[in-house]
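The same subunit A turns up in both complexes below, where it pairs with subunit B and then with subunit C.
Let's look at the complex of A and B:
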């Protein structure tokens, strides 16, 4: 009887901690409420839903962004919530703010084409699933428990599978089938690796000391197999070599705003999981820097060289995003305070330049009917301002001044150089050399788009194109941060420096 | 039953699943292979759960895996249905519009 009352009071205590902790997840709660409101709206109204769906989604996301910024002060010290399921810190909050910005930019992109606008607003599914993807990515960016990591990765994955194939089209259905089969295998391999990690340690909480000490007692071979399997699942979401095979097909077939979202949210979320996960691996037994270094070198090289031969701009951007996954891993390899700042800076710039690139590609797609490069011939002369913006974005993606892409690459490689000088691991030097060589390779294919725009003759000379004023406005707004942050990089760096990292 | 046998059962199940995924050309057969691999992980989790000081974590995890696998299978079957509508086949070798 006494024992029973003890458990009851224990339960009461747990429930009161849960009800306190839930308020730290206010951004996620607002996302869930947005999803519910969208679904309810979709059921209640029959016609003319476009305005309602977009205003609900945009106001919901804007409010979430506001709440995320508000909770920044709360996270001045790192908190462990829900008995160690998630961790609440400023690193996760920065990533969550980036995800919400990405979703907002995606919605803006979707309004710029009539067809996409009607696809997005015919029913609320595309918008709801995008918000669900952002919810999953937010949870990924703060989970430190294997169950939580698995559930949030699957939330992102399943939303992505449906988003790829929801609209009608032969290519879309094929891409989503390839995506779901690759994704299923990757998550099955990951979960089998996780089961071994659980067997070694007896705990699912990776931030628990028992996890680290449990792993330290295992022989190298079984530990390496289990860790390679688990990290393989994360690398699949990161879209890096060797789990990149699905991405060109998905990027080519899926609607452009959704591709832009895919190229950002799952990648950065997987990166945060990796940041938290490698922290708990005993380096003496498993040299994760070597493995991730090889993955980074391979992704950069494979991505850049495959992109050289592409004839479709969206497919080319898929290989570019594989290469960028490699560059993002460089920041992780540096694994220091300055490395993390560089990584966050790179992630923010990557958000801007990728969305700008996809927005401009979407404009050309609207004119030419598809994202084939040959359909873009001569369009730069007909739409001079859009053409100039494209040149800026492509220069930024290559990583040359005067764009913030240069600062991002500079920061990330200088932090890697520092790490190499301190630790002297040869793999870091190799990543450094390959990264610089790859930047040169990247120049050739990124500048192919401006080449087609300005130097190739278009088929029908005499048809002038009038560009919508609002299109020009959004194009400029998306590109402007790249130029501003080149000259005023210290604004963003100063803010990122104030973030407390726990390593 | 000794623990080793159960772990070996899980490993065999995982390998069979992986072989099915790699060798089969039918999308539904590949999906079955994925389910086998997930069940191998489930067996491992339940077996390892008895060494857990808190006893339950592994078993709860396997419940989550079963639920998510059901959701994933539903989505995958819906997608296969859609692919069949366009290609009139579920043979992965013949579904190859996207390449390059």
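Let's look at the complex of A and C:
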């Protein structure tokens, strides 16, 4: 299966390659089976389906997680599957494991809402679409073929559009429509850029030698146009500046667990595509470090400064995720021997802190009826433990000790510093300085939530709130890794170090 | 001598914070007792450490062998690709520079716990945060691994933010966020340099272990000659190693001889400036001081005490431990500027204090003025100057504690701190007036009080500087003395307006509330006054602790300027 040729050497041989290769996609297969089972279950039963749907989805995802972990040894060397459509390597597997974790956390979050949970019991659509989104993200994380990249991105996008607009509500339709329009334009631009690239090189496989040699013969201007258009599509999925405008509306409108998933899976998947893509393009040919550096600086700055004015916690988190897209790009810029561990560490911590933040916001949403900051007044004093957890998460998102958010930031910026020392590109230094100074801006808005929770007096002071024990449990479980991994960062890094990063 | 004494000092308050958190609300009345006992134990342990500390045994500040009570174990260590081994140590130790600060912190925190006795609302949160703050402040002074230091440094901010923001005065939210943002800007600058230093400094001992060489000198030679390549060394956050220029990887950005450039200037200069600004915000020095008055005015009394008494000193301590120790050549390069900002802060703070109507604000600005002496003493780069800077931090810690408690006494009774609203308090509150008199005279630098010794040393050192090392010109100490005159001005003026003359208060209902000092308040004022006098009359007590280290620190500075 390592040997591919573009000539048709017998249908039988091709089919046998396919059927051999398919087993490497076991995690994706289990996801597909989960989707089918869910749909079948949906058809068979009429009422009170939520228990069945959730147990099916959770067991399907847990099994997928197990299969993914089992595949690690298989991927000790990089395999190219399906005639170069996808690659099977450990980098992709780590990201897939993160996506599945994200989906599991999303389901846990969904059980903690009243409304969404009852929506789930009506039909399995939300769960099916979420699993489909994860499937798309998984495929994104292993694609090395332009068409495969496009299809997997579209799978994620279409699932996301529907997830945003599925539940009734004017705001949701508006957000969904905005999302579809922006997404459609981004896709169109991206595939236009890809068609240029195909025209230049005659191959769709970016890992093919012909791709590189074809590109090196093209004049700088058309090459830059094609690459900027293509990368623009990836940046859209990453949710970074200047393709970020859709996210605040979507984040505000969509149900909180879904938003948490949005803020994670598509972003990280886009990141893997970017990693694989820019890896094939030497900086001498096209200075992508400069472009991505500018995008990173702009994302961090625009995201953070826009977040300052927000009055809705979910909208604020949308801008925060734009800023974090910038930080993920920082990890990409520092991509080197040390940078990749730092980047994966950051991605893992980002997963935990984002889900923890949304879970806690969801609790407050349930109390106050909406995620408006002013509805959170005084809630921290009424639910002290949840309040303290929120402070920890916000500190982690800012990137301060004693949380793993600090380690994550420290590692990627250390790698960036090192990359700058070796390569001496001025843009890296600017990213370094802007990135760290942005922390100050970030602090200002992240602290707004604790500020409303603790400093502001609530309107009806005498109504005590009893917090559900299960809520406390999940809140603590989601937040605890942030503290543990600060004091014992080597546990996670040790695992990440064992990964073979050859692309 | 107890093993792991310094660890106990940090973890006693931390443990107490945990107990306060876990204890149910019906034991609310015991929280303050737990805090008091825990900080009492901490103080006793610190006294034990200070008595066990042998001042004459300290050696060069850039050698680990000169530390005492060292505790060093690996916290975590991991391979990070080409970044090499990312290792952080749990590294505590005492030398002459931090032992004085540790002692000060322990005393002030204990006094602060007494001052917190009357906190009425949300006691659990208050005492848990106060204890957490205590642990991080103590840790900040004795941590010698930059990562650990930074952890404690940042950990101070969060409790402080809530302590000001929840228990503070009318404009508490504004004060709290301003404090946090200002200090965070500083800590980000420090973080930038920390990352740079990590990439430039190696651990000769661990590198030796990796390469099978036991002698530190041989390792250093091997690295210098290129025998051990730059990517084969074990990098470190160790602040003691960072002070030794031979531990910088040749060719790395912050190396002394062949370091790189940033923005067309020596990277070491830039790094020094970043550290300088980072800690000058904390100190605070003009022009980064604007967070201080508002934070002081809004903070509850015990928190003002901790803020002025210890947190400001972290700034001065950080300058000595990091900026000046790591980049002595850059310090010399910028000494004129540092001295200038010191002098400017002295005058600017004093002039501002003259104009204040709120007694707490007056004290806050006088803090800015007095912290200016720390900068001036450091900029002088002489033994007297640096000793004076440390002495000033110690002495101001005690005096400012007393001053803020004084403001608190008045505020507790009448909820009003405007100077113009009182007159002739001496008739009504004679004992309070005596206490105020002692504190005011101590603060304005009357001989016999600790402030006099400190400021005298700084001025002496600053005068000698131009002839010995040439760091700052002679006009600076001359101008700085004007600050002393101004200090006498605002203190005596306040004393006259508020305490002398005919008894009068703005609101007649205050008269019955204005009771003289209680026993609890005596418990705070008497020891403080005694300590201030003691360190004014017997300066040797402190000097013996710090002398050797200061001398070797100055040698370090001198060597760098001669190179």
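The criterion applied here is as follows: the second predicted complex is superposed on the first by the 492 of 503 C-alpha atoms of A that agree within 3 Å, B and C clash if a C-alpha of one lies under 4 Å from a C-alpha of the other, contacts with A are read in each partner's own complex, and residues count from 1 in each chain.
In the analysis below, a contact is a pair of C-beta atoms (placed from the backbone, for glycine too) under 8 Å apart; a residue touches a chain by one contact, two chains touch by 3 or more.
Every value quoted in this text rests on a predicted model; they were computed, and no experiment measured them.
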Touching A:315 in the superposition: subunit B (first), subunit C (second), both, neither?
first
With both complexes overlaid on chain A, does A:203 touch subunit B (first), subunit C (second), both or neither?
first
Thinking of the overlay built on chain A, is A:287 touched by subunit B (first), by subunit C (second), by both, or by neither?
neither
Touch check for A:372: first (subunit B), second (subunit C), both, or neither?
neither
After superposition on the shared chain, which partner residues are touched by A:125: those of subunit B (first), subunit C (second), both, or neither?
neither
After superposition on the shared chain, which partner residues are touched by A:411: those of subunit B (first), subunit C (second), both, or neither?
second
Given the touch rule stated above, what does A:21 touch, subunit B (first), subunit C (second), both, or neither?
neither
Footprint overlap on subunit A, where subunit B in one structure and subunit C in the other make contact
none
Subunit B-touching residues of subunit A, taken from the complex the two chains share:
146-147, 150-151, 154, 157-158, 161-162, 165, 170-171, 173-178, 180-181, 184-185, 187-189, 191-192, 194-196, 198-199, 202-204, 248-249, 252-253, 309-312, 315
Which of the residues in subunit C come into contact with subunit A in the complex?
75-83, 86, 122, 125, 150-151, 154-155, 157-158, 161-162, 165-166, 172-173, 176-177, 180-181, 184-185, 188, 191-192, 195-196, 198-199, 252-253, 260, 262
List of subunit B residues in touch with subunit A within their complex:
7, 10, 14, 17-18, 21, 27, 30-31, 34, 37-38, 40-41, 44-45, 47-48, 51-53, 57-58, 60-61, 64-65, 68, 71-72, 75-76, 79-80, 82-83, 85-87, 92, 95-98, 100
Okay, in this complex, where on subunit A does subunit C touch?
336-342, 381, 384, 391, 395, 400-402, 406, 410-411, 413-415, 417-418, 421, 429, 432-433, 436-437, 439-440, 443-444, 447, 450-451, 454-455, 487-490, 493-494, 497
